[in-house]
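Please find the structures below.
Each of the next two complexes has chain A plus one more chain, namely chain B in the first and chain C in the second.
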Partner chain A sequence: MSAPTDQISNLPKSKPLQSFVRNQLRNIAPVFTLLALVLFFSLASSSFFTMVNCMNILSQISITAIIAVGLTYVILTSEIDLSVAAVANAIGITVAYFTLQPDYVNIANLPMPGIIAIVLALLSALAFGLVTAFGVTWIGIPSFIMTLAIMQIANGVSALLVRGQIAYSYPSLITMLGSGSVFGVRWTIIVAILFLLIGHLILRYSRFGRYIYMTGGNREAAEYSGVNVKFIIGSVMVISAMCSGIAGMLAVAYFGSAQQNQFDSYLLDAIAAVVVGGTSLFGGRGGIGNTIIGLLVLGVLNNGLDHIQIDSFLKILIRGLILLIALIINIYAQKLKESE
Partner chain B sequence: MMDQLNGGGGLPPLLQLTNVSKSFGGIAALKDVDFTLHAGEIHGLVGENGAGKSTTMKIIAGVYSDYEGEMRVDGKLVHFRSARDALSAGIGMVHQELSTIPDLTVAENVFLGHQPLTKFGTVDWAQINREAARLISSLGLDIDPKTLMGSLPVGLQQLVELSRVLFSGAKTIILDEPTSALSPPEVKRLFDVLRKIKAEGRGIIFISHFLDDVLEISDTVTVFRNGKKVATEPAASLTKDAVISHMIGRGSIGMHMGESAKLISDDTRPIVLAADAIGDGKTLQNISLNLRAGEITGVYGFMGCGQVELARALFGKIKLKRGHLMMDGAQRSFKSTSAARKGGIAFVPENRRMMLFRTEPVYKNVSIAILDRIHRLFLKPSQERKIAATRAVDLQIRPPNPNMALGSLSGGNQQKVALAKWLTHLPKVLILSEPTRGMDVGAKEDVIRIVKDLRDKGVAILVLSTEPETILTLANRVTVLRKGIVAKEFNSGTLYKADLLAAA
Partner chain C sequence: MNDDLINLAKSRRDVFKVLGGAAALGAVMMADAGFDPAMAQALKPAGKPMKAAFSNAGLQASWCAQGKTAAEAWGKLMNVEITWFDGELAATKQRAAIDNMATQKWDFVAIQTFGIGTLTDPIQKMIDAGTPVIAMDTLVAPPGTIAIHTFIAPDNIMMGSSVTSQLMAAIKGEGNVVMTQGALGHSGAQGRAKGFKAIVAGFPNVKVINEEPADWDVTKVARIWDSILTQNDKIAGAFFHNDDMALAAYNVMKAKGRTDIVIAGVDAMPPAVQAVLDGTMLATVRNPSCRIHGWAVAAGVAAVQGGEKAGKDIPNFILADGPVITKETAPGHLWLQKNFLI
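On to the complex of A and B.
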């Protein structure tokens, strides 16, 4: 009976470094990746490590960051949301649909006061989230399939609202937050930081956040401990849709236009940010801190590749390879943890 | 290798084991077992859980090849290296743990591994479905061969597996507890089939806990106890009581700890939770049960009798299809485990993995069930740690360190943590499934003491177990389940292990 106790207290002493790496691999690997990339691009290009370019990188990842906050919640419960980019697109278009467009825009839309347009767009995002939550928790459709369907539905909504046209006007609040800046810092960066911060505080310090981690760590055990796992999973699906919706509204102002299919790269980027950052695909481990590192890795990579002489088609391949390596580390870290 | 046994004279037995022993990691599971099966014989095999029945059968069926002793098939010495070897020597087994594939259809399962092909070399689906339908209906079953295996009840899946074994042409057929999940008409159909197979001159080994079934169908009955064969007798000369006394040891009835218990119950104690004729439309048929404050109600039964489902039905995990629950005299229904918890019900499932978060620290495992009582919106981990530390001392969890990852505790200590999470705010009802299974003696005694202590504090406790000893050590009253219904209740007097075995 006493033998295992002794072994345990001896373990960390015998190989402290190894045990630390074993436990922290999912956190260490992304940080090293980030440092290595920054170092590499700084040496390879003189225009990379400048104040202006750093702000560039931040604003380039700010929209993805807002989406990734919600997605982090979803992945922590070991679910997935494949509809984030499509919902962002649909909500961006929705807010434009309810805004008076210039004469040359040929869309049969319903102009409303700005604040009402925003509220309607937020309600639409909520509706997407609730439908997903209902399908996943009540009907029991795997989130992977359910959100694929929602992705298609959201694309359909986008298509119907703009009918191949492009909208250019948004409520003034959206225009300001999406394309304006304050003291030289873009509002999208500030909004993204706020989302990341609040997202982090809720996950780490609230009861709801604990339930998310426990549900992701062992859903059955959470349920047998009297946690309402359906409510938790439904909630994260709604949170994800709301984050996507808000990101979508800011993004159309950021892009300066609202049209179909302009978010295509955001699904992969958001998932990549979460996973590259080290949040476990099996749920229960990781968090917003990891997602921030993942976002920076992606941002530095995308931006840095533009600063060096490289075939722009090769860029796509390199991004794919980085994602693959991150996935391998992610799964490997999980195995290490389990074999402990 | 092969030598002929008694070359002249009568036919050699289909199967003969002499002095077979087997151990797992140095612990003996079988000791010097002799066993003989003749053609045209149904041989019943009984014994308590862990007596070594399945191990013996797995040796015969080629699952285990590292054993000592000799095995002969049709008089020839054999030593199977794999289940395939055994099958080609004419031995087929329907395992206790299902080996069917739930995502394939019934027909695909029947023909697994030897699908008939068309002349183009593709799988002949038409023939598979036709043949499977024929085989299945020859067992008297009414199943569409195209239904998914996983959608059938366990009992029927076992029968489908039986039809696969029959189809493979096995001469010796082993059935490891096939009736635990079958309804009475299904059992009757199975028996009709077994008699037909027997008439064809094949031999059948039939393992079951249901002694009436065994005595009805068998020609010969062999009893195992503690890894040894203790008796082989013609079924006609045996009674149920005689079999039970072989199973638990002659003369020892009531003589040892855990072999009997004095039930002390008190009908004036208030009923906290009452189940009134509840059922889940599947395993749970019709169960009524009263849990009283300050009493431990034991529920005993064999695997598949419905205890697993009963516990979950009370804890809001399984929906009731019939009947209802009364809590403190008012009708209640729990739509989720979280509703049941808030209603004052606590549950520790039979399997630790279902209950604990291995990679999380002990304190998070303890606080998970009470977070909403100690925190409103934001967490106070220091308070959680303090509570966990207190529980660790109460329950003698070693080491008493709330920050340690749960997975690094020993099994018995993990089990205590599973209990600990319910003890900070005492529940009204505590449901414990197999609370001491697989524990070492020390941890077992600790858990027994803790549970009795909770009872004395007025908690209504339900203990469900397939181990008679657990029930006898803890219970104030006992309900015995059989196939989803209440088979018998014991409320007072001396209860013997043999009574439990006979009632189940």
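On to the complex of A and C.
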């Protein structure tokens, strides 16, 4: 038997493999999770692995994807933005507020031409981002607290504008992008892909992207290297608010109505997508590729559970457990990396 | 006949077992539940098993959870296998669930929307595919925008006015009163507020001192009522848009030694009916979860098996009425709820 020689010859090879797994565990685990989920649901339900349902999944994750692009930038700098869903809601309501509503809508709003309504809504998103950036970088409020306050403010803006009522009309461009399709593909999917692509290219190939990783990886080292850390953190906060605002505008058209507290669940969904995909909560590691995998894992999981016969009350628990497992892998991968 | 049935049934599940074995008994039970006898004759369990999809606002809410159990019980009775898509009290979650529902084949579907207008696209897709879509409790979209099979809902104005009448009688038509509202955008909350105001308008000696919305949120209720009780020494009565909020406010009143305030609510879920029985609450009006969900099963079977057409054989709107529950009517009402009949 040649086992001893095999063992000897295998020894040097196993180390690079171990090292590879150790380094890439954060990226490998979510991909395996995704493949396992797709395989499981495809076997468990005949209606899951169909073109219609694949488009359905992409459509369902598209709004979250736009929010998650901005959030990925924030988390990569080791900060957090808890205001994404509330800002999305406020901006969606803002664009509706500046649009002429049907007679049965009882909102005292200010109708404007569509393009002006969109510009005003975008400026509002910018304002939210700038205020957050100012609070976090200039005053020095921790992003967790600052964005919590912005979340309340954005919810307040939403409440003030619609006063418990529901708006149903938006500028035609928003209606088209939010609820229309081109060649059978929803515009929201195309917009999300564009955001993800641009987000990836900036992170990967621009100096700004490298500075984001440096800021998140080691803030002091980045400062000593001449990176304007405050500018980087302020910028990602503004980017996050803009992504949320655009997502919010598309979402009100996607859902067909604008009302208070409509998008609350986007906050946890977006954070979960970023973290489940393997982007480190401690900053500096991960990226848009990870976020895409995270979005697909959550999208497939949420969708697939509706295609199999399972107790409704159990679905929430299963989602929670898979999220927990992903987080444990995330932290474990971080420790493995640090122990090297 | 009903007494025989009660004797036969050792538990609420037994009631349905007995019903499943005796079609005649079933017809009588349906008639007791409010069916027209002629209609009950036509309404038969599905000849071959049917598949239906149901969704309501969120199973976290006890009213919705009760509706699910009722729909499933009626489904067994009528040979319908029901698959549930939980709205999770979130417009985004329910939209995703209904999108998923729309990619599958169903004999009929029934939906209580969490956010009006948020489900229009997938519902339209199912209607276009020829699936009867029944709306429960809340409008799925503004009237006239979508051609649903039928809309089964309570009269929120009536619920608000009938229980407010009881409240006014109890406080002898004078004093300060509070209305703690649900979410202002909710059509149910709007109707209940309208009913309350219509009755209060007839009592010049009644002053409404607070109408703050608590958005169905019991923690918000506690905060609001802490302030109300601190600011006002004299409050005669309070009307809450649901019982959960009424019971949450009662805890605040109890902590401050203000249990003299007469309170009334809406929904008549079992804890509130018990509260009426023990005198904690004056009255509550039933928002008939079991009727709404159960009748949706019946309407679906009638549409598929009986070929009923929307607006022709079945009206666009069916009122699912519920009575005011007082100490006298509470025990019988609890029995009806236990067997998913109201």
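Here is the rule we go by: the second predicted complex is superposed on the first by the 326 of 340 C-alpha atoms of A that agree within 3 Å, B and C clash if a C-alpha of one lies under 4 Å from a C-alpha of the other, contacts with A are read in each partner's own complex, and residues count from 1 in each chain.
Criterion: a residue touches a chain if its C-beta (ideal position, glycine included) is under 8 Å from a C-beta of that chain, and two chains touch if they have at least 3 such contacts.
Computed from a predicted model, the values in this text were never measured in an experiment.
On the superposed chain A, the two partners chain B and chain C both fit, without a clash. Judged by the touch definition given at the top, the superposed model places A:214 against chain B, while chain C stays out of reach. After superposition on the shared chain, chain A has more residues touched by C, the comparison being chain B against chain C.
In the superposition on chain A, contact of A:162 is made with chain C only, not with chain B. Of the two partner chains placed by superposition, only chain B is touched by A:205; chain C is not.
Within the superposed three-chain model, A:259 lies in touch with chain C and out of touch with chain B [touch as defined at top].
Contacts of A:24 after superposition on the shared chain: neither chain B nor chain C is touched.
In the composite built from the two structures, the nearest CA pair linking chain B and chain C is 25 Å apart.
Every residue of chain A that touches chain C in the complex is listed here, in rising order: 47, 50, 52-53, 56, 59-60, 63, 102, 104, 162-166, 168, 179, 251, 255-257, 259-266, 269, 302-303, 306-307, 309, 312-313, 315-316.
Across the complex, chain A is touched by residues 315, 317, 336-338, 340-342, 346-347, 349, 353-360, 364, 368-369, 371-372, 375-379, 398-399, 404-405, 407-410, 421, 440, 442 of chain B.
By the touch criterion stated above, chain A contacts chain B in their complex at residues 1-2, 4-5, 8, 205-207, 209-211, 213-214, 217-218, 220-228, 230-231, 284-285, 337-338, 340.
On the side of chain C, the complex with chain A involves touching residues 59, 68, 83-86, 88, 90-93, 95-97, 99-101, 103-105, 115-121, 141-143, 183-185, 213, 215.
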